[in-house]
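Below is one structure. I have some questions about it.
Chain IDs A, B, C, D and E follow the sequence of writing; residue 1 opens each chain.
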Amino acid sequence: MSEFKIVGKPIPREDARAKAKGELKYADDFSLPGMLYGKVLHSKYPAAKIISIDTTKAKQLPGVHAVLTARDVPHNETITRFGQSAEVGKGFEGLYRVLADKKVRFRGEAVALVAADTEEIAEEAAALIEVNYEPLPGVFDPVEAMKPGAYLVGEGDSNIICKFGCSQGDIKKGFAEAEVIIEDTYQVPFVDHAYLETEGGVAWIDEKEVINIRVGSQVIEHFRDVAEVLGLPHNQVRYIGTMMGGGFGGKEDITVETYLALLTWKTKKPVRLFYTREESILCHSKRHPFIMHYKVGAKKDGRLVALEAELISDAGAYPYLSPWVNLYATVNAAGPYCIPNVKINTYCVLTNNTFTSANRGFGAPQPNVAYESLMDELAYKLKIDPLEIRRKNCITTGKSLSTTGQVFNTYVALPEVAEKAWKALGETKKVEDKNKRIGRGLAIGLMSYGRMTFLHDTSRCYVRLESDGSVLIRSGIPDLGGGQVSLLCQIAAEELGVPMSKIRIYYSDTALTPLAGTTTATRQTYMSGNATLKAAREIKKRIIQKAAEMMNVNPEKLVIGEEKIIVKYDSAQYLPLLEVIKACNTEGIELFCEAQFKGPFTMVPDLSNIRGTIFPDFTFGAQAVEISVDIETGQVEVLKLVTCYDVGKAINPLSVEGQMEGGSIYGMGYALMEEVVMEKGVTLTPSFSEYIIPTAADVPEVEAILVESGGGLGPYGAKGIGEPSCSIIAPAILNAIYDAVGVRIKSLPATPEKIIRALKKHYFEGR
Amino acid sequence: MSTSRLLTQEFEYFAPHTLKEALDLLYKYKDEEVKILAGGTDLLVKMKTLDMKIDYLINLKEIPELKAVETNNQGLKIGATVPLSQLERREIIKEKYPALYEGIKSMAAIAIRNMATLPGNICNASPAGDTIPPLMVYEAQLRIVSKEGERLVPVEDFLRGVGETIIRKEELVSQVIIPAPPSNSGSAFSKKSRVKADIAKINLAIWLEREGKTCKDARIVLGSVFIKALRAKRAEGLLKGEMVSKELLTQVARQAAEEIKPIDDVRSTAEYRTTLARVMVEDTLKLAWERAGGELEG
Amino acid sequence: MSQFRYISPKTKEEVLKILEEEKSEACIVAGGSNVLPYIRDKIIPPKLLLDISGIEELNYIKKNGSNWRIGATTTISDLISSKIIREECNILCQAAEQFADPLVRNKATIGGNLADASPAADTAPPLLALDAGLEVESKGKKREIFLKDFFLGPRKTALQDDEMITGINFKSDSLNKPGCFIKLGLRQAMAISVVTVAMVLEIEENRVKDIRVAMGSVAPIPLRLFNAEEFLKNKHLNDDLIEEAKNKVYEEVNPISDIRASAEYRCYISGILFKRALEKLTNQTS
Amino acid sequence: MMEEYPIELTINGEKIVSTAKAEESLLRFLRRHGFYEVKGGCEKGDCGTCTVIMNGKAIKSCITLAGQANGKEILTVRGLEKEESGRKLQESFVQHGAIQCGFCTAGMLMTAKAYLDENHQPNKVEIRKAISGNLCRCTGYKKIVEAIYAVAEENQKSK
Amino acid sequence: MKKTEIEFTLNGKKKKVEVKPSDLLINLIREELYLTGTKYACGIGECGACTVLLDGEPVLSCLTLAITVAGKEITTIEGLAQDEELHPLQRAFLEQGAVQCGFCTPGMILTATALLKEKPQATEEEIRDYMRGNLCRCTGYVQIIKAIKSCTTGGEN
């Protein structure tokens, strides 16, 4: 690559200044004249029959404009879709039910909608809706729910919504060869995304009778789903995506959009609807809890020979993205290790808990906790250094993934990142406190970026070079805070040789911007980055061609930069970009381009034994921590955290570091304090005072080390980092706890109480 | 800066339900800036564009007795708040008072006529008021009432100049009384403006009473040609008691044109108005004469 | 619809007058950090919100000889920034510094924290350990309630409908003894305590001359541990004695299990924190 | 009829005369008056997104009654750029990549501003404590702390 | 200034609003009740864009004090269509291409509804006369007149 002017530089993001000034209008910072306020009535039981709903009193309340129940929804039941372009078959389709009808499946499920003149009236009206429930027993434990004769959550004849398998080699033979076998069960809890901006938006009908929904969504392609619910043509629903105050997968499913659409459609007035924090925690998706039974076998020298795992996950009340999340978990189940004999079975089960779906890491963080804990146990048992055992077994260039057999032909940075992370911990910290023990932990991992290849993923971007040399970009890309929008500006600026200040971008509008696909699956740098690159390069080609004619030189001799077209190695010879633009305009040469980037396409795999390529590529990383554990109270303090990833190419190092640092702390919360506690389907942690996430005072010194192999599929060799960044910190911390005090915490979060119960067994058993 | 989007000044508003209440209010505030709201089509425009100061506004439209139109052999009594559009829809107006009918119809647009009233048009005292010449040729009288009593004043005497009338602040026009015209009379209205429904360059009304081939009596009133509607008395004199012929009418028209004292303004020059007046008067005379049942010879 | 009313008197007398008239219809708002969430969660029905945050005469920290008086609307930040508290009543400063977070500390008041009567109120244990009394006033009447008698249960106090806390007082004889406050929460800020302990200790010739211990989040109310205190008085402190004293603590506390911790863990931690406080204070003394 | 009481306050230097409902929080009041830059993240004091500066002190506006701001001076993030110290902080956040989704930024900046106004030589640990009432879910706080620290350092140098 | 509560019917629905004496009907409808179909164009009764129906009769909302409509019935352009079903005049305007920039259209259609009520068999002449208070700058009126004519009885030809 030639020298970059903008790419690779830690420059401020396009959106940062408006955010620092408080000028950016998020979904809730918007009102329209005559706007009504929407409110959702949520079920108060996790499992119940709805005998009847009487909305009379609610409707009679002055100021109420609409009270809707399932009966008012034109197509109350459709299927969940996520903007995929290919048919993926029944295995991946879940029921999308807008409002509970006849039966409620989880506490918090939407039962009715209200629109009223004020928020207060809407709330009062919702309270006046009389729902006559007949409570049902329900089932809340996925293991129980799997058993024959279990209470049936849905209308089907089983609670199991998907089973996936993966195997290679001969598992029996593998264990027979093993000299050491370790077997254990690990559990991870429900987790909330805890973005600071709750779900919400404003909708209105315009004069074209189009329902406009201004909302924070990671998947603006849901406009199609909303249209189908209403029985309208797809082009009669428009999403205007706003910058999101965080998404992390929680704004990947439809949240409030359908409600907004229904209310505005029925009342013909603008409607605003926002979830309170309590509603957000109660009603939107959670990260899947998993029960993971693992067995690994190794030789005495630490070489892995067999791994068998059974993963059971709790889908909650509706499938949503569960099959896909479980597919990720299955593929990640053997970790980044070369193991000749592997057998994985994954089950995903409906219960009457809040539904689970995408959450940063998408099925990867859960098995990572299990296999990275096991690797550590193995290391201790065999008295091998934690780094060494990983070095010995990890995938390297040319090797393949032990679950699916997908071969890695590009650089696999695993040994490198592991070594760097481990080394960066530096000297062990000294602590004065006699009750504190220091420990270190390491974890390595891999995670895909880009959507599954059988989904046939594409992205589009439109770039236009204006006659004054400024650039206009249009991309459907949703920005959840990761800098997705700014990234495209940076690429266009680099390619067209203009400064960032000359770029304007319109984003996330299904009517006006070319659809760029979802901001999920860590795919936007890769997919939309490439689409932008393609469009910008096409324009660049035309500019250079024209300049070559004008300068009478070979186009290959020309480069573009600093708003000039310059002769390579002779910067004195150049044409101002403006002059070339003028010439192009005079001759009618198109200085705009809408380009599409296509990921690799494959067939839907055999789900009972998933083999071959199902992801475009993976990002490899390692995380290492040093912690202290208070042996009397069980309190853990993370002292230092190192996160090291091969990011391929850091297009904006500030943004990449931001993902790695933020992802680490997201993962640290998972490890130590975060859990949505549900007791018989009732959420006991409905607010930020019960659902706690790390504060600044909890955060250790964080060091982000970027390895730039240039081997990614994204623009300039970039890889995705958003989700990988958070997916292995939890096992690193668990390993550090073991290192410090010799207890193995097998269920997250590793609270002081859990650690103390493990440390002081005698005390607690005596009571 | 005035704004046509808003009324920028604040005032107190009353909507009395009886005439007495209205008169009491008028009396009470006679020393302040008090205005009467009937149709509002002139008043509000003035408030918006001329910064006319108002402290109190009295809406007469809620007073039932002012909404009535009474007809009998004597003639017509039209309540103060009857909208013009209601008058134009009444057969009696169209048949017996064609000049008034035509005057109203020529005015503005239906929406304005749905709002505007006769007293409003008169009290506005515009030289171009389209109902004024007709009312004058019919010798209409205004019932002017106040807390202290009432008086009847002919429209002609009521008007004093541009925007000026003889009405006092504690008074209001409660009724317009138009006597029934004799059976062998005829009347007509004519108006020239740039486009339809515009303010008149010239408007005029003529009433003639016929006795055989003779013109027994005549009234010719022109608007927009002086500070107030003007009665062309000498022209009338030329007609009275004379045998009507085309020639005579041409002569009368010339005389009428000489009597007016037009001004130059944005709508027209004085000279043009004079020429126009002559032609219009002649044509209208013919029409009124025909309507009176007369025939024209020569 | 909303029937909340709002008034923000400028003097204490006005407040007392309104309280006399409105009684339980009035809800005193000092900082607001508890009341607003209660309103939002409909824990408080519509009432008169009686905002006392603007009453300057109740915002003071005074020391007169050995007598301390702190006005009810003194904020937690005021406590932290008070030099005299930091230097001469550090136990309260320690508690204030671990209270919620810096932003909440800017508004939350000491009177409000006590009146809220949460078992986890962070200012309660140190004030219990200081043997504090509350100045409680109603229209034309003033009385003192010892803090140990003030808490009746979660969110229940000995305050009458027409009364308000106007100040907190304690004597500083106890302050000649070092004091400490330890909080165990699940994170470093904005943590509702799992267990807190506050202790003042006087050692004379290696014997416990005087000790006062109070704990938070271990019982329905902030708890003074009289039995443990009695047990230790006049005894020589050593490891065995401390272990024995921990058992007294276990007997005295009566925690609940909730989302943050189980009763067993709280009980265990109360012993640990008790021991740590003792160790810390003896180390400081020696 | 809802009972409302009069309220008069200064927001970013601009006098606002209005009325508020008794139980209305300052957060709701500010947003109702178009100060959308003040964000609501939890509305019970748990996250700090709604932080504003009231008479020099950073407070959580969601747990402050509108009435408690009567007669007070409120500074929101949109008033920050009027003061040099505010502009410096904004720019430092931008330059350090301390902003991701940006939802915590408005509150975070206010806490930082009030803190630096009173503490001139903080270290990073102190800064962490100072902003511990403001949650951020994206950044892991590192760059936020660095951004604030850089301003503190610069202020120190220029003295 | 003192506000007075008035009650009136707007497009068939009872409305209770508080108004100052100086509030104009057009502003009440647009700014308070958010029905922006009624257009402001001249403010002094010269153009008809602000026409609404008061008790069925077209009046100019820019010259009507809001306070005077107490107890009256107001119809705006938004009140013409019945649910999904356009008013015949609205349909005719669409079909005849009588809508260009559309700014005069609401006033135009409302005036025309009154015309059709009064004169179901209006001739082209009468239509032109009746509609003369509603200015249009785009269409040259031809298609507007046609559209209205098509709605008169036997007007299809």
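Note that contacts are C-beta pairs under 8 Å (C-beta built on N, C-alpha and C of every residue); 3 or more make two chains touch, one makes a residue touch a chain.
Please read these numbers as outputs of a predicted model, since none were measured by experiment.
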Checklist entry - If you walk from chain to touching chain, how few steps can bring you from chain B to chain D? => result 3
Next on the checklist: Of all the chains shown, whose C-alpha centre falls nearest the centre of every protein C-alpha atom combined?
Outcome noted: D
Checklist outcome for this item: More contacting C-beta pairs: C-D or A-C? The answer is C-D
Checklist entry - For chain C, which other chain has the most distant CA centre? => result B
Checklist outcome for this item: In whole angstrom, the CA-centroid distance of chain A from chain C equals 43
Next on the checklist: Could you work out how far the Cα centre of chain A sits from that of chain D, in whole Å?
Outcome noted: 29
Next on the checklist: Using mean CA coordinates as chain centres, what's the gap between chain A and chain E in Å?
Outcome noted: 53
Checklist entry - Got the chain B residues that touch at least 2 other chains? => result none
Item to check | Sites on chain C at which at least two other chains make contact | outcome: 1-2, 101, 188-190
Checklist entry - What are the residues of chain E that contact at least two other chains? => result none
Item to check | Chain-chain contacts as defined at top | outcome: A-C, A-D, A-E, B-E, C-D
Checklist entry - Which positions of chain D touch chain C when the two form their complex? => result 2-3, 5, 20-23, 25, 43-46, 48, 51, 57-60, 62-65, 67-68, 70, 111, 115, 129-135
Checklist entry - In the complex formed with chain E, which residues of chain A make contact? => result 33-34
Next on the checklist: Which stretch or stretches of chain A touch chain D in the complex?
Outcome noted: 10, 12-13, 15-17, 19-26, 28-30, 193-198, 243-248, 276-277, 480-483, 654-655, 657-658, 661-666, 687-689, 693-697, 699, 702
Checklist entry - Quick one: in the complex, what on chain A touches chain C? => result 120, 124, 632-633, 635, 673, 677, 684-685, 689-690, 692, 694-698, 751-753, 756-757, 760, 763-764, 767
Checklist entry - Which residues of chain D touch chain A in the complex? => result 31, 36-44, 46-47, 49, 76-78, 80-81, 90-91, 93-97, 99-106, 109, 127-129, 131-145
